[in-house]
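Next up is a structure, given as structure tokens.
First chain written, first letter: the chains are A, B and C, and each begins at residue 1.
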Amino acid sequence: MSTTVESIAAEQMVTADGIPLKVSLARARRRARNRALLLVAPLFLFIFVTFFIPIFSMLFRSVENELVGETLHRTVPLLQNWDESGDAIPGEEVFAALVQDFAEAQETKTAGRPGRRLNYEKPGFSSLFRKTARKAEKLEPPYKEAMIKISKDWGDIEYWRVLKRESGKYTKAYYLSALDFSYDPEGNIVKNPGEESIYIKLFWRTLWMSMLITVLCLVLAYPISYLLSTLPARSSNLLLILVLLPFWTSLLVRTSAWIAILQQEGVINDFLVFLGFLTDDGRLAMIHNQVGTIVAMVHVLLPFMVLPLYSVMKTIPPSYLRAARSLGANPFTAFVRVYMPNTVAGIGAGGILVFIIAIGYYITPALVGGQSGTLISNLIAYHLEASLNWGLAAALGAILLGGVLVLYLLYDKVVGIDNMKLG
Amino acid sequence: MALPAHAGKIETIWYYTFRVLCGIIFFFLIAPIVIIIPLSFNSVPFFTFTSEMLSLDPAGYSLKWYQDFFTDLNWQGAVQNSFIIAIFSTLISTTLGTIAALGLSRSEMPAKTVVMGILISPMIVPLIISAAGMFFFYTNIGLASTHLGVILAHAALATPFVVIVVTATLVGFDQSLIRAAATLGASPVVTFFKVTVPLILPGVISGALFAFVTSFDEVVVVKFVGSYEQRTIPWAMFSGIREQISPTILAVATMLIILSASLLATLELLRRRNERLRGMSPG
Amino acid sequence: MNKLFTQTLLAMAVATAAVGTAAAKDLVFVSWGGAYTASQQKAYHEPWMAMNPDIKIVNDDSGGGALAKLRAMQEAGNLTWDLIDMTASDAIIACDEGLAMEIDHDTMLAPAPDGTPASKDFGDMIVSPCYIPQIVYSTTFGYRTDLVGDTPPTSINDVFDLEKYPGKRSLEKRPINNFEWALLADGVAPDQIYEVLGTDEGVERALAKLDTIKDQVVWWEKGAQTPQLLADGEVVMGSTYNGRLFSVIEEEKQPIAMLWDWQVFDLDGWVVPVGGKNEADVLEYLRFATDTQRLADQAKFISYGPARASSAPMVGKHAVLGIDMGPHMPTAPDNAKNTLLYNYEFWADNLDDMNEKFQAWLAQ
């Protein structure tokens, strides 16, 4: 009711320079909005250039596949007319184009990379391309026979099928590998046998280890957050330092501390041997495995759980519990039925935050994870640095990023991004 | 949570069990950090307490790992790079982040959640993905293996922290103070420096500290975007741990703990000051 | 702390002036860091810089990731490196992909003192036209002398024998070498290894053999890990580069000994990136630093064999320890009874595929 009155009033009112108040107000609001946007713009632009463009252009590598078509630019168009479902390899015309392409590639030294690209699909392409490029210049027709003489692989229809399949501008092969699928010799997409599927396994491991770490963090954070929220300010501030100091201490410092503590010649093992619980050659292996990763990561991420929990618990009046008790609930029931439901927001905030950080973790698993404790990030790093299969690294990264973004949206639903607090 | 006088036996037991439990968890949090401090004074290159150390024999202790640190060019270069990169990226991210936070906290800001979500995404994206993207892109534009490249990369990673912290400070910021200043005849610039800045300064400084630590502690991006010339302390520690873990790393760690303790103290002082100022402002 | 503070201020002042720029005559050489770069510094860089005082060689220790970074730089056309130290397999890839320059060994490099042209002097070591080998190293085993009882291990079979030698072993986290050793220990004739390994059954056979010790294996990724693990007593035996074992045995005097049986030879050498800004200086450097005397000099500082045949007789005593380096070379007759040479062709084709199988097996 009151709004109608106001709007009617606004319509009738006019500012000093004769503009209706409504228009003037709208204009002022627009100006204010533009001013707000203008303030955000520099950072937005900065993040866009230094962060979003790099990530999107990297992720584009997961489907990009121009190399083969570029290098074999005479052969590839001709291959489109060849029927790969038959059992005859392409004819002389295609071979002639191929020889020309290879002779040119040898001159520009561009044969190696598409060879290595195709080698991901079928081992053998790498040396096939290398060998062929070296000899292509000197070949005489008939080219088909000459090429098969260089390597009998050119007479093998499987190589031709792979070549045709992976000659387009875009490929889904990297995503297929990232999800443990591959092509069979006939070109059908098949699931890799159990013992050869590594990425799905690693995704699962990353998921369950992150989940376990999150749960452990929650289990450890809950009691101390509760204690902190119920103590008088003076002592709780003091104890809070024990949470904040690790939080502010370098990740590398904490990881090296855990190495010093957990390794076989480390503090815990020495202590246990000293006490006689262990013999000198029966020392426990607590590092370079899952135990090491989990312990170190729980320690690293625990503050991220304590801080949101604590800030929620601080706002719960102690009178709630007292009321429940006075109404006849026993302490346990009162805590579970009355107190805990009030902390759900904190659990959600801390839980999702810890999970998001854990799922993309790289440093700690790389240093203390050994084989069984490494996560998907470590494999992405491997494909970036060592195997140079950048397309696969990008595909794995895109899948991981997708998962993280889903969690991020969930976080927004549960907590609200603008409610995120630190320290 | 003092034990009420009427507590029964079970409650008393539970009360103490709970405290002991919390004590253990606090111990878990702090022990790893405390334990490396004495280990860094070890006179032998092991990660354990020797019997000389335990019997407090001076021969069991030495400063040689610190000496090692201060005389090794590898470490000294890392210290320089760490400070240079962290200071410049803090300047960039604090400036951009604070301005953006001022915009975000205005009630007229459209699509606030979406914009905020985008601005703080560098904090959420797994580091290895950011590092990979920056590796290719920065190489492309010639910024890889330069200090500038690493500084820009770190600034991008650090801005979310500034935005979050400063926005949180601004939540309690009373916009009517600005209007009051305006009605009293202050120009927007004067208002900004005389009213806004003093009020949000604690938030900006703690945001800057977060940014500094983010850069100072970062290793994945630096390893991909930078090269040996840009090596930072965490980089040197990372390759040190992978190659050959010597107590020098623990000496570095000890110094970093002292640094983080002083950062924490600064932050605590700022928080108190902020609370005091908040107490003064109406509403 | 005060010193640190002033240094920081100083560094900031310097950095603001120097961000992103380098002096006109800095040559950036990429190598592996640690003892290896130090030996190159002593044997090659320092004498050459003494002759060329206007040029400074800057060591970039990003060795391991060099190929990835080189490829990204070349893709972007933004090359900041002048010379790169690479293993032979990486060099072959770099050459194939056109990232590295082809070398005419006879005109660009110095002949042997007796006039033998460089290509003959290096011989088979030139595994790629872009490659200038420096050293021959081998990946082999070391064991704790105090943890193996009275009968020390003598054969590769002992690595796979948990009953005779209980305890952890460290192996490199990759299929190369491990597959070969597993097949040898499983009774495959040395000359048939790659034939067997080229089949699915062969890979399964190698993995089945490795399976018998899998629980007892610590997987390493950096050459320094095995020496450290051995010194700490975390493993009984482990594979690593022979030079690393030399320094932990002879310099650090740890109770460790070598097991040379079926050591795998590999090469390390220089690669000149295509399009480097200081190509003329780099080539001049290479002519000096890869001559017979210089290659022999490097062996004074690290126990890897020089890649030139003519350098072998000139290998002398260790610069600090004063011991004769000859018997510590992987190529010494006593050590080289059973050896394999890294099969570059085979692994160039099969590494990605076998690595996936290997990783899958590890993850089981």
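Observations, loosely collected:
Just so it is clear, contacts are C-beta pairs under 8 Å (C-beta built on N, C-alpha and C of every residue); 3 or more make two chains touch, one makes a residue touch a chain.
Model, not experiment: these values are computed from the prediction.
Annotation of chain B and chain C: jointly contacted by A, touch as defined at the top.
Core chain by CA centroid proximity to the global CA centroid: A. With centres computed as the average of Cα coordinates, no chain lies farther from chain C than B.
Two chain pairs, A-B and A-C, are compared here, and A-B has more C-beta pairs in contact (counted per touch definition above).
The distance from the centre of chain B to the centre of chain C, each centre being the mean of the chain's C-alpha atoms, comes to 38 Å.
If you average the Cα atoms of chain A and of chain B, the two centres end up 23 Å apart.
Measuring from the averaged C-alpha position of chain A to that of chain C gives a distance of 32 Å.
Along chain B, residues 135-136, 242, 245 each make contact with two or more other chains. Taken residue by residue, chain C touches two or more other chains at 65, whereas all remaining positions touch fewer. Multi-chain contact residues, meaning those touching two or more other chains, occur in chain A at positions 263, 265, 384. Of all residues in chain A, only 29, 32-33, 35-40, 42-44, 46-47, 50-51, 53-59, 61, 220, 223-224, 227, 230-231, 239, 241-246, 248-261, 263, 265-267, 270, 299, 302-303, 331, 356, 359-363, 366-367, 377, 380-381, 384, 390, 393-394, 397, 400-401, 404-405, 408, 412, 416-418, 420-423 touch chain B in the complex they form. If you check the complex, the residues on chain A that touch chain C are 108-113, 115-116, 119-120, 123-127, 130, 195-198, 201-202, 205, 263-265, 281, 288, 370-372, 379, 384-389.
Only residues 64-65, 67-68, 71, 93, 95-98, 167, 173, 218-219, 232-234, 345, 348-353, 355-357, 359-364 of chain C touch chain A when the two sit together in their complex. Residues 3-4, 7-8, 11-12, 14-15, 19-20, 33-34, 58-62, 65, 69, 72-73, 75-76, 78, 80, 221-222, 224-225, 228 of chain C are the ones that touch chain B when the two sit in their complex. Chain contact summary for the complex, chain B toward chain C: residues 70, 76, 79-80, 83-84, 87, 135-136, 139-142, 144-148, 151, 223, 227-229, 239, 242-245.
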